[in-house]
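Since the structure comes first, as structure tokens, the remarks are kept for the end.
Should a chain be cited, it is by its letter among A, B, C and D, assigned in written order, with residues numbered from 1 in that chain.
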Amino acid sequence: MTNSVAFIGLGAMGYRMAAHLPKSFAQVMVWNRNFAKAEQHAAKYGTQAVTIEQATQADIIFSCLPTSAEVESIITQYPPKSGAIWVDCTSGVPESAVKMASFLQAQGAHFLDAPVSGQTIGAENGTLTVMIGGDAQAFERAYAAIEPFGGLIKHVGESGAGFAVKAVNNMLLAANLWATAEGFTTLKANGVDLNSALECINASSGKSAVTEMVLPQRILNREFPLTFALPLLAKDTGIALALAQQAKLPTPLLSLTQNLIQTANLTSEPDSDFSAAVKLYESWSQIEIK
Amino acid sequence: MTNSVAFIGLGAMGYRMAAHLPKSFAQVMVWNRNFAKAEQHAAKYGTQAVTIEQATQADIIFSCLPTSAEVESIITQYPPKSGAIWVDCTSGVPESAVKMASFLQAQGAHFLDAPVSGQTIGAENGTLTVMIGGDAQAFERAYAAIEPFGGLIKHVGESGAGFAVKAVNNMLLAANLWATAEGFTTLKANGVDLNSALECINASSGKSAVTEMVLPQRILNREFPLTFALPLLAKDTGIALALAQQAKLPTPLLSLTQNLIQTANLTSEPDSDFSAAVKLYESWSQIEIK
Amino acid sequence: MTNSVAFIGLGAMGYRMAAHLPKSFAQVMVWNRNFAKAEQHAAKYGTQAVTIEQATQADIIFSCLPTSAEVESIITQYPPKSGAIWVDCTSGVPESAVKMASFLQAQGAHFLDAPVSGQTIGAENGTLTVMIGGDAQAFERAYAAIEPFGGLIKHVGESGAGFAVKAVNNMLLAANLWATAEGFTTLKANGVDLNSALECINASSGKSAVTEMVLPQRILNREFPLTFALPLLAKDTGIALALAQQAKLPTPLLSLTQNLIQTANLTSEPDSDFSAAVKLYESWSQIEIK
Amino acid sequence: MTNSVAFIGLGAMGYRMAAHLPKSFAQVMVWNRNFAKAEQHAAKYGTQAVTIEQATQADIIFSCLPTSAEVESIITQYPPKSGAIWVDCTSGVPESAVKMASFLQAQGAHFLDAPVSGQTIGAENGTLTVMIGGDAQAFERAYAAIEPFGGLIKHVGESGAGFAVKAVNNMLLAANLWATAEGFTTLKANGVDLNSALECINASSGKSAVTEMVLPQRILNREFPLTFALPLLAKDTGIALALAQQAKLPTPLLSLTQNLIQTANLTSEPDSDFSAAVKLYESWSQIEIK
């Protein structure tokens, strides 16, 4: 039985995700490196700002951090108690999930890789897609704790499978983003009105989450709101590519995508949203996608 | 005022599109190279099977043929009368649209490039997306004639703009298809269940018409039903690429996509559906996407 | 028998090529759009600066112009006399060679596409490689006139074959250039001394004209001397790619090369040498190849 | 002072390399997993077939094995004595060189990564290019022992630098190979005689070791003699790519090259020479490069 839950990492996503937990749990501990943010969260949502030592002794510990490196660092310094389940919502590295699952298993605890999709709006509304790898029984036990912020909550395989699905999802996002940039620039260069073209394509077989959401809400309006940072997308495409390479798979299109996104990342302004990757392409074509 | 309409080209798409016209027009002429098909259509839908000379003298002439070459050949041999509007639903070449529009204008007639998206099911249901380039007034006049088989009917620009949007739409379809094949193969090679992954991705930012429809309905079930032939997709990606090259645009991702689809086309079995392009990739990875 | 020769186009290449002709011919006419250059050539090398009308009436007419468009324009305005041979040393378009050969044949004259390789130093020394397409007998007759500036003079096929070989040669140059830039940057990023690496690679299987000449003489020394302009290399890679596309060949590596060179071209400073294409890559990697 | 040398790994390269050592050393030990080959070498060249325990106690130990994994396995099982220098001629992984150098340093010994280029003919003639990473003093001491089979012997940097240069060399070989295949196929599809084209390109800026040697000696003659196996080239391109990725460098052209070579590797017949990678491309184009 779950008596206590903790949430570690109150970034743009984690802050909103943790806010849903008090609906289901009497005691919700939160911790953040910048501790003021934890205190702010406690004041606003009725959670408790605690030390990292306390947080890691909860029955269920959530983490949502920039990369697997930070997660590993905390887990190995502050291992959870026996019987605990660590639910890591970071967009992490599958290999790291395997390692952490094995490390926690040796202590009688469990590690679930449970990355989320849906961005800040999904975190806000508690409708995130959660793709989960790891022990099936631990998944069953943790399900109710995930539910407050989850829409679709899906067990996709062994440890690392959740991270793998997230990485491939984001790789497809990246591929669709760049292909869309090239395609719409081609249309504009040929005198086609982009809004009319977008309406047609969104009613046709070329549509994607990029044409339905990213292009109209971030690019055509030139807003590029920072909700998912470009360096994180570059990291995720790298994770997906590493998965292919470990399996000795040729992936020409995904490799090129990763190269283009990484180039965009290296040449972008600080604090760029992932959608701003198209600005690199605009600097080549001298055509704004608007 | 439109008194007569004709439909030229009763292939998988045209046959179904023309079937909707009698709802709105008393007289609907149809013509097909294999004339038996025209007679069958007449018997079934109350249209009239006529000669090509008669068909091309209608007020509004629709054509839906394999490529712009066939359309040009008919138009130049059998030019329509003054005041007529030729609505070409072929997935054609923008340059050809410009040429035909100019040729018909010299005769007091109009040419609209009006390719459709939605496949045979959309043609069946009369819900096709129709993206139209050419004279705005001709578009207004032709609108009612297009409505019986159209869902979204959109004027997107000058002559050629309709073909351009269609070509780019299909290029995006091709890019998404190949990226999805690489991505899902990567997941399978890493032990992830593809159906669970698909459910997650379709609730996430990596989704596209490929993940929502093509992958479950054509690939994962190993059916690859022939409704849109691979050589036609290869042709369309070539049209999109030519548009980029004429504009001197670099399009690394679309170029690679076109190369991959063309390779799939060259090495595929006859009568392959476009979705069977992934079989080339499967021959590389030795992993079936299922 | 050849009594008179003319040279049209005294650019960096043509000026030096024409300078060798007086060794073999009593009368050498020269013409240049900027006529002062023709007069300067006449004064320096004992040629005769003449009008375009006169130049095009020689027994053998050489041309060396930026693109096939300029050549076509002159040939069609000032067609040569019957029996003449037009030797076009431009890096031109194969299709144009076929057209010009047919146009001249109708007038009893011949067109040879005869692009050259070897850069200004080869033109200076009269050791250019000349790759020639067109009528074999015309090639035999023109051979002696080409010899003064040619090293290897080779008949490679029908009209257009010379241009095709040149375009593919330059495409390989472009591919080797970009691959070398990526490879040497990778070495530098890993702490390897580039000059030592270069010495090893030039004694190994990875060597090319780029590692043997372009890298040490233009890039590592940061000189990028303008002897072959980047826009011309971009044009040539476009010609090579068009040849592949007309043959429906997939060429993933050459397509990507052309896209990268075209991007470099679009984003380069004016008057950039072809070797300066690597500066685009340097702007991505933030590492200078030196 | 070097009193004894040993050579571990008598494959196609090692067998010939070790044959030169008796010129300079009184005592040359050899070891091979298939020991009969060591005995054959001893009988033919006056070396001594010894146990692995004996071989690894020489003053200078050479190794030439398929991959770094085999080298690591032997070194860690049979570490050399203090003062010894291990010269690893494998085409290995830079990271492994760093690890082995550190491991041996802790024992008072040295590890030099010293991969070779020049193929079996260079090994036969003792003219191999040897690119060496590691401690500069160890390099000086080992120089004389390398000389019998070396032509150019070059210190290129710290541990791993030798492997890095070799990997990048082979990546450039791979890129040039594939680009050449696409380019020459394009020429053939356009009716150009490949031997004439080759002669021109080898006298021009597009030439490389591929056009000068691989194409005429292995491909155009359809012999594809097995001297450097395709799986090893695929491995080497993977090493080069990993170097780029560790440095976060985008390398679009090298990535595509690696994907194509890996695809060729996955789909090739057993015992294919690296040059047979072009057969994959031939299966796409349906055109033999001959």
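Just so we're on the same page, a contact is a pair of C-beta atoms (placed from the backbone, for glycine too) under 8 Å apart; a residue touches a chain by one contact, two chains touch by 3 or more.
Predicted, not measured: the structure shown is a model, and the values here were computed from it.
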Distance-maximising chain from chain D - centres being C-alpha averages: B
Centre distance in Å when chain A and chain C are each reduced to the mean of their C-alpha atoms: 52
Centre distance in Å when chain A and chain D are each reduced to the mean of their C-alpha atoms: 42
Separation of mean Cα positions, chain D and chain C [Å, integer]: 36
Contacts with 2+ other chains: residues of chain B: 250-252, 256, 260, 263, 266, 284-285
Chain contact graph, described as a line, ring, star, complete graph or other shape: complete
Touching residues (chain side chain B, partner chain D) in the complex: 252, 256, 263, 266-267, 283-286
Chain A-facing residues of chain B, complex: 94, 117-119, 129, 131, 151-152, 154-158, 160-161, 164-165, 168-173, 175-176, 178-180, 182-187, 189-193, 196-197, 199-201, 203-211, 213-214, 240, 243-244, 246-247, 249-254, 256-257, 260, 284-285, 287
Touching residues (chain side chain D, partner chain A) in the complex: 238, 241, 245, 248, 250-252, 255-256, 258-260, 262-263, 266
